[in-house]
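Data block below; observations after.
As written, the chain order gives the labels A, B, C and D, with residue 1 at the start of each chain.
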Amino acid sequence: MTTQPAQLRAAIVGSTGYGGVELIRLLAAHPSVKVTSVVSSSSAGSLFSESFPHLTEIVTDALDAVDPELIRSKADVVFLATPHGVSAKLAPDFLAAGLKVIDLSGDFRLKDRAQYEKWYKKEAAGQEELDQAVFGMCELFGDEVAGASFVSNPGCFPTATVLGLYPAVKAGWIDPDSIVIDAKTGVSGSGRGLQLNAHFSEVNENFKAYKVGQHQHTPEIEMVLARAAGRPVATTFTTHLTPMTRGIMSTMYATLTDRSRTSADFHELYRQFYEGRKFVRVRPTGTYPATKEVYGSNYCDISLFADERTGRLTVFSVIDNLVKGAAGQAIQNLNLMMGWDETLGLTFTPVYP
Amino acid sequence: MTTQPAQLRAAIVGSTGYGGVELIRLLAAHPSVKVTSVVSSSSAGSLFSESFPHLTEIVTDALDAVDPELIRSKADVVFLATPHGVSAKLAPDFLAAGLKVIDLSGDFRLKDRAQYEKWYKKEAAGQEELDQAVFGMCELFGDEVAGASFVSNPGCFPTATVLGLYPAVKAGWIDPDSIVIDAKTGVSGSGRGLQLNAHFSEVNENFKAYKVGQHQHTPEIEMVLARAAGRPVATTFTTHLTPMTRGIMSTMYATLTDRSRTSADFHELYRQFYEGRKFVRVRPTGTYPATKEVYGSNYCDISLFADERTGRLTVFSVIDNLVKGAAGQAIQNLNLMMGWDETLGLTFTPVYP
Amino acid sequence: MTTQPAQLRAAIVGSTGYGGVELIRLLAAHPSVKVTSVVSSSSAGSLFSESFPHLTEIVTDALDAVDPELIRSKADVVFLATPHGVSAKLAPDFLAAGLKVIDLSGDFRLKDRAQYEKWYKKEAAGQEELDQAVFGMCELFGDEVAGASFVSNPGCFPTATVLGLYPAVKAGWIDPDSIVIDAKTGVSGSGRGLQLNAHFSEVNENFKAYKVGQHQHTPEIEMVLARAAGRPVATTFTTHLTPMTRGIMSTMYATLTDRSRTSADFHELYRQFYEGRKFVRVRPTGTYPATKEVYGSNYCDISLFADERTGRLTVFSVIDNLVKGAAGQAIQNLNLMMGWDETLGLTFTPVYP
Amino acid sequence: MTTQPAQLRAAIVGSTGYGGVELIRLLAAHPSVKVTSVVSSSSAGSLFSESFPHLTEIVTDALDAVDPELIRSKADVVFLATPHGVSAKLAPDFLAAGLKVIDLSGDFRLKDRAQYEKWYKKEAAGQEELDQAVFGMCELFGDEVAGASFVSNPGCFPTATVLGLYPAVKAGWIDPDSIVIDAKTGVSGSGRGLQLNAHFSEVNENFKAYKVGQHQHTPEIEMVLARAAGRPVATTFTTHLTPMTRGIMSTMYATLTDRSRTSADFHELYRQFYEGRKFVRVRPTGTYPATKEVYGSNYCDISLFADERTGRLTVFSVIDNLVKGAAGQAIQNLNLMMGWDETLGLTFTPVYP
């Protein structure tokens, strides 16, 4: 850390949501970034710490209004931790003001506006901004992120899922048409907004499926897998809610194209693919990850099981949905945009137990 | 209930485990059965209520030793809520003593001794008893249970899974070779014995896979599906631990044999198949069950989603692992053995929330 | 059960809240009551089962509007499972229509209108109805409930707390001015209405105090303890939220008036006081209750610890807040009003684990 | 951090327990300490990462045996994260080998051997080592810790409790004889050793009291409060288990010596008392802390409520039991021993939600 880069000033829009507050936690430990503006449309003017008393000593500022010019005067980069539909409206003005923008919503991930409107049931962002936004799946498209000024941060499920499937699809070792994705998430993924599906007594001691056949992350997953396969891919993607706060596990199934390939073969394929990428850990053959093993950290842990009995591959991939699935990967993208080491400020050890 | 059957006397072996104590809870409300002997190999002689103070007023007896003659003098039917390997040793003596036996372990489910020994890694029960034991999946094989004196109660995962797949396989509407089963269970399924995988701090706020490719319920599921398919079936069956006490959800995937069949078609197929069977509830198309919706009850709730986009069927099936997945189905089997209404004493409303 | 009383028809207002749905669960097992009207101001006309799919087979009715004449035509007794402030407005019309009324809200518990308005910050009910409403703490004032037509069901915290303190205060064995009550509740006590304090990610893996010095159950507790003491009593009453759905533990502290009295003395005092009252279980000296030991049941379990080292009594009292703390005690009150055995339809065994 | 101190080498004995693994998590972020030996009596020789796969990249070493000479060759300071009774046996040899020692067990906290043997029911450590060990409650006795070579780290409950009571007792604003302490802890406090009281299904959705009148932290609390009061103090101290992994809340009650003192008066007293001590945060009057607000951090948050209605003070104090209640405070003690800033390497932001 001898050649420590100069301090970058960051603004966080939507700072009182879970994505925003996690950005604040992580950036407080980043050696080269300082949060200089916390922004909220609903609570501008009040103290940030009224929303989160546990951050009283860490964020002493009042909340700024969503004013690109004001924010431009205080910051160099802006994180949009805003809901779908809101980012699409805000991003152009922030870009026009000359800020670097990292958007955590789904508004700029799908390049096909019709796809967005089908799955999100909202008007899509403008094609110009869509074309400008780089899809920041760091371990896959980091080269495109380097030097970019506008990055669209991937969704939580797509991050866990695509990191788990990409090398096998790319290598042609599994049949893309056979992919089934069974995903489980902690409740924080639905955000801080009140809803019955996040009401404690409804989800505690309960396990449920939701948005069956309709989850908006489906086309995002298929978009990236299509890049790996070199042709369109349709997957069965099912999401479940598990009674915990943080964590995603994606369990993925696909038919082997060559039944003689073993778990060890897949392990070696993945190990080589992710060589040098510190945040993806390919677990030893025969061991399987648990979400808590990445809790509070930016890791994505992956295990592979090729079953000769059924001719099928099973992939397990876990992340902390608020870190690698949101705020952590957003900072990793910032590191790449700035040409810094992608792990800068992100080397948190998982909180266990 | 005017022609209420005479009171049957029941003994419970392994009464201080979770299966045993759930039998006691359920039988306390059964109009035609009275628990007359609680049996424990490890704590014989001490009061039952020392293990479970909340049952002080309900079970005032001391624990009996595992003595078939003694138990024969006190009971007409014995529930074996004993671990795998133990039931195999105990059942013959109880049968020889003239007791009706319902075994909740896995020892008498697989009729092929080699299969048992491969998956359970224990010596199999004798072939004579294996042949005698009726596999008590009530809604499928209730006719065989009627009048039987020895019933092997199905496993928790097989119950949720097979009830969810059987009608579609039987009808030939899905390809048996394409079946993927992604199962999630609450922690009580592992019993009351201490183990790191049931240690609170290891499983709370955590989601993990376990026994990947090795779960002993795999051959039990395949045995029943083979009956439906009329030929051997190999499935991918993966089990996960979710941070809650009770509940199983099995999410199942298979390829449609005719892509034009809709969710509504499957709904109608299942509705007809389970007509008159109160404990299997086929949920309306477009709605999906949660484990808490069957908490503490003997229901199995099933939903079906046929996706024309991918040509695949997704089935969701939920049970309370300690009721329909263990003690409840055991009592349902007793009802069938005795020629009673299968719902007798089992009409508990789910505890919600 | 040969002399089974005739079937009583019951209506439940506020049936889609947690109090309402618990009344439905419990009454489904009551041999002498049938729910003939489920009432909701917000969802009248829609099917009840749309709110609670797990009750589809149990409640097939559509929701009735809040119409006393309509309900009078369908029911003999009405349970008001409505929020504070609403019951006060509804009860007079239901009483005028000739229905028996059991109110689960706080509106008719405090007989002093000024006290109500100070703690509830709402306008109090009319004095006439307040005078008419019998405070239904069954084990203490069951005689007053017998034959009443309007009963005010006690609060959840007061039930656990007062049952734990009453005998000792009444006997003069503790100093009423020294009482400290430290209460902990599961999240379902706050109801089904959305609020940040019941948002899963805010309360899971979290323990917090709330309404410090302001909880509206304070004057209710003091009102009853004053009856025991024969003079006004002021207590320190503090409530905490614990990350579980159901259950209350009240831990209570008071100075012994005679330091030589032992835990055994207190046990005997309580045992005699609650003799014949099945739902209050005084636990053996040296053992302490857990909330799960009464889960889903109408029990209140109490333990007593007199510490000669400090000259202080500690009392532990646990209930299921939705049963003995709400719907269960309401039904117990109905049983008493009707002259039935108070345990009728309420002998649920706790769900454990 | 320009004058960064030289790297200190640390060994952790009992590294596979929860205290040990938390030391590893925290020290991984400490700029001046490097863990050079992980020690385990039971698993010496095997890889540390076999016990904790999530630390594979962070701890690559094999476990060392408990060999003071070996450890002396590899480390400058040793943390004993060993059970009660074990530390007493190990500490003398490590001290004799010339290592600095920080003991996280209870073996060296009580200076009165008879007290230890009464409450711990084990043989006490030698008087010589007891006299040598400094009781490291950092914010109270930091001066004594500076320069010490042997520190006894306080217990988790005493830390939360004593920090919450000390200023008021010291100032004579509350009556020491009136103190009641109602403490609640997450399950990780009981360690990684298997026991029924930490078995998931026994503690999930459950709230229970334990060790009533017998908790070994009682004399430790009273020892420190006696220093504040200038005379012996006997308190009522009751511990409860709450269904979460991390966190302690201690709610404390005492009689005001001057009823006219307000919450604001107490707030100012505490603010001044803890001035400059970053890890104790006195919360604004009228707001109350939650355990999650300090999750994963070294903070102790305190709120004060003086109630003129009852003449009583209520104090709320929360910590993360594994950080401020164990590993974090141990590192804070190391910082003080070394003359470093006490916050060095400990400025973790709480993980929320």
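One rule holds for everything that comes next: a contact is a pair of C-beta atoms (placed from the backbone, for glycine too) under 8 Å apart; a residue touches a chain by one contact, two chains touch by 3 or more.
Quick caveat: nothing in here was measured; it's all calculated off a predicted structure.
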{"item": "Copy pair chain A, chain C: interface residue numbering same or different (half cut)", "value": "same"}
{"item": "Most widely separated chain from chain A, with each centre as the mean of CA atoms", "value": "C"}
{"item": "Inter-centroid spacing, chain C versus chain B (mean Cα positions, whole Å)", "value": "36"}
{"item": "Distance from chain D to chain B - Cα centre to Cα centre, in angstrom", "value": "46"}
{"item": "Centroid spacing, where centroids are CA-atom means, of chain C and chain D in whole angstrom", "value": "39"}
{"item": "Multi-chain contact sites of chain A, meaning residues that touch two or more partners", "value": "18, 188, 201, 204-205, 243-246, 289, 292, 295, 353"}
{"item": "Chain A residues touching chain D - in the complex, by the definition given at the top", "value": "18, 21, 24-25, 28-29, 52-58, 188, 204-205, 245-246, 278, 281, 283, 287, 289, 292-296, 299, 301, 347-353"}
{"item": "Complex contact set, residues of chain D against chain C", "value": "180, 182, 184, 186, 201-202, 204-210, 212-213, 234-236, 238, 240, 242-247, 249, 251, 253, 288-292, 295, 303, 305, 307, 309-310, 312, 314, 316, 318, 353"}
{"item": "Touch list for chain B against partner chain D, complex", "value": "18, 187-188, 192, 194-196, 198-201, 203-205, 243-245"}
